[in-house]
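Read through the structures below before going on.
One chain, chain A, appears in both complexes that follow, with chain B as partner in the first and chain C in the second.
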Partner chain A sequence: MNFEVIRDYLPLYFKAFLLTIKIGWIGIALSLGIGVISAFILHFKIPVLSAIVKVYVELFRNTPLLVQLFFVYFGLPKIGISISAEACGAIGLGLLGGSYMTESFRSGLDAVPLSQTESSLALGMTKGRLFTSVILPQAFTLSVPAVVANLIFLLKETSVFSAISLMDLMFTAKDLIGLYYNTTECLVMLVVFYVIMLLPVSILGSFVEKKTRFKMFGN
Partner chain B sequence: MEEILRVENLSKRFEDISVINNLSLSVKKGEVVVIVGPSGCGKSTFLRCLNGLEEIEEGEIFLDGEKVSSNKKNMSKTREKIGMVFQSYDLFPHKTILQNITLAPITVKKRKKAEVEEEALKLLDRVGLLSKKDNYPRQLSGGQKQRVAIVRALIMHPEVLLLDEITAALDPEMVREVLDVVLSLAKEGRTMLIVTHEMAFAKAVADRVIFLEGGKIVEEGAPNDFFDNPQTDRLKRFLQTFSYEK
Partner chain C sequence: MGFEVLLKGNNMLRLLGGLGVAMYISLISVAISIVLGIILGALMTLKNPVINAISRVYLEIVRIMPQMVLLFIVYFGATKVLGINLSAEISAIIVFSFWGTAEMSDLVRGALSGIDKIQYESSMALGMNTRQTYFHVIIPQIIRRLIPLSINLITRMIKTTSLVMMIGIVEVLKVGQQIIEANRKSSPNAAFGIFATIFLLYFIACYPISCLSKYLEKKWEK
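Let's turn to the complex of A and B:
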């Protein structure tokens, strides 16, 4: 292992690291927004919209991110919409993540027992009040583990961004290996940067899970 | 005594199974009516129809002389007047015991928080659970949870209280602590409709006992007549299932 090489590459990796984080988190924010809205649509069984959401979820869950990125990156310009590679990455990740987040939030909403609804109605609560005070807080807690798993999965999926020539971590590593053949150093640095990116999410995720897991069981 | 609840020709079907069959009932203010019957006889469904958790197909329900069966919009208003406690307690797991009790009066009745909390603490004290006010439901035993559920219904000041097999999920000692609370409510003159399998308790608490089968009232009477001198063969057979002989 040549530490001088590592020192030389560090700024390049760091730049790629920041770009990966930036696009990754914009995509994730997008996916959370899509997920919450779609889950509400499914939960309230809104006609037409819920059919659209179902098709969307199945379409995006069952195709690879790479294929979706190609569609956005090469397809949109064909119909006259050209956007930057960065925006492509964020949108692609947001759409893929949105389909996963939809399912996570929906399963959380559905997992709140019907008896909670009935006992709230029996207390005279309106449907709106019951949703905000009883269903939503419990559904949130129930979906935290799945959402955290999605976050980690989505951040790792950013590694295919290199395919649309975004200078993310993966792209940088492949590029440097191709130019200078310092394979070991480049790959070790790649692993280290991914771990640095994901470990805090993982730790924070477990923490939030513990915090929100109120005395859930056996009501 | 004035009448508080009247049910006229109530019918309810699930697909092609008739669960409630042309049932009529009148309950006076302060009366405790216990409904017994075999599984699937429609007792729970009947209670659930009364506060609109099940839609009714035919018949009418009057609370305080006002018709409640058909106007869906006012259902939540009606439900404020008819409290219900369920077999599975159904406390809110994400709220403390005190919050469980105060949520509905504060949000539904728009009462002041301080005033509601004061009343909640008094009621908790009455059922012997004042020390649990800041605990979460899961930290309580089944019997304690059920007592909280009763308090949660009481604080809405319901005119009628429906108790749906509230001890069915409890072990014997806990049954006792819950039923003692119900007995004290009966003594202070609360109007209650109680579905239960605890025959000894039914005998002690009831002003009137109703035997339901196939969604119909098969027999009804004062508890002493009902249990000691049943008229119909069906009720005799039903009551025999509760006694054991070698």
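Let's turn to the complex of A and C:
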């Protein structure tokens, strides 16, 4: 291990780290938005839209992000839709994540027992009140573990961005290895930066899961 | 639109062959992961502190390290640090088995600890010995829980193996790029057609498997 090399590379890695985080979280924000909207569409069985959402979810859940990115980044410009690499990464991640989030939120909504709806109606609650104060809090709690797992999965998937020449951590590491052959140092730094990026999310996620678990009905 | 390239020569067959390479790597890795995962998952339920500590670190590593990083470590790192020259296929299989074993062991542990104590007690009350309890009561239930989840692991494995092109294995995406390059003059729009086709190929490969997994899960839920 050559620490001078590590010191020299640090700014490059840090820049890549910020870019990875930026695009990762933009993608995640997109995916949460898509997920919530699609889950509501599926839950309320809105006629045409729910069919579209179903096709979308199945298409994106059953294909790899790398293939989706290649299609968006290299394929779409050929029919006149050109997107920058950064936007492409965020959109790709958002679409992939959206399909996973949809499933998580939808299963959360569906897992709230029917007796909850019936009891609330028997107590004279309006439909809106029923939804906001009975169904949503429980559905949210039920979907937390799946959402946390998705967050980590999506942040990990950002490593694929290097394939569309986005200067993320993976790309920087590969580039530096190719230029200077300091393989060991580059790989160690790569691992360290991914740990810095993901370990807090992982720990915080487990903590949030534990905190929300006992908010469930019956505990 | 660039779809006509597919009909030229044996381009479509080459693409399918590329998908075959990805499938081959993922099926071998799944087979290894299932065997090792069941062993590790069973060990994790023994509540041995040493095994628990090791397996927790192992699971956490797999949970937070992108598979691509693991691929790079094994493919480039092993050669540099240990001086072993692993072929790209072997390193891919090592990495995906490493990842799959962790996933599988977690599923096995979940399935095993999800079985109520009452099942063991009732079997004992009926006069079964330990072996009979496991063979007639516990294992059949575990298998029912595990089969849909392991089938699901296959689709995730297939999707993840698309990464192997980054360490130079010629699989479907790489073949696609080669076809696009070769036909740059005659059909400049090939990229759209080829990548759309690959997108659909992956969907066709994974969708039936994930449907099967969902179906079995529903069927055996009770």
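As a working rule, the second predicted complex is superposed on the first by the 214 of 219 C-alpha atoms of A that agree within 3 Å, B and C clash if a C-alpha of one lies under 4 Å from a C-alpha of the other, contacts with A are read in each partner's own complex, and residues count from 1 in each chain.
In this text, a residue touches a chain if its C-beta (ideal position, glycine included) is under 8 Å from a C-beta of that chain, and two chains touch if they have at least 3 such contacts.
Only a predicted model underlies this, so the values are computations on that prediction, with no experimental measurement involved.
In the superposition on chain A, A:125 makes contact with chain B only, not with chain C. Touch criterion not met for A:83: it reaches neither chain B nor chain C. Applying the stated contact rule after C-alpha superposition, one finds that A:46 touches neither chain B nor chain C. Using the contact criterion defined above for the overlaid structures, shared-chain residue A:138 touches chain B, although it does not reach chain C. The larger set of touched chain A residues comes from C, when the choice is between chain B and chain C. Within the superposed three-chain model, A:116 lies in touch with chain B and out of touch with chain C [touch as defined at top]. By the document's definition of touching, neither partner reaches A:55: not chain B, not chain C. Of the two partner chains placed by the overlay, neither chain B nor chain C lies in contact with A:10. By the touch criterion defined above, A:194 lies against chain C but remains apart from chain B after alignment on the C-alpha atoms of chain A. Listed in rising order, the residues of chain C touching chain A in the complex are 1-2, 60, 63-69, 72-73, 76-77, 80-81, 155, 159-160, 162-163, 165-166, 173, 176, 180, 188-196, 198-199, 202-203, 206-207, 210. Residues of chain B that touch chain A in their complex: 51-53, 76-77, 79-80, 82-84, 86, 88-94, 103-104, 107-109, 136-139, 145, 149, 152-153, 156.
By the touch criterion given at the top, residues 113, 115-116, 118-126, 129, 133-134, 137-138, 141, 214-219 of chain A touch chain B in their complex.
Residues 58-59, 61-64, 66-68, 70-71, 74-79, 152, 156-160, 162-163, 170, 173-174, 177, 183-184, 187, 190-191, 194-195, 198-199, 202 of chain A are the ones touching chain C in the complex.
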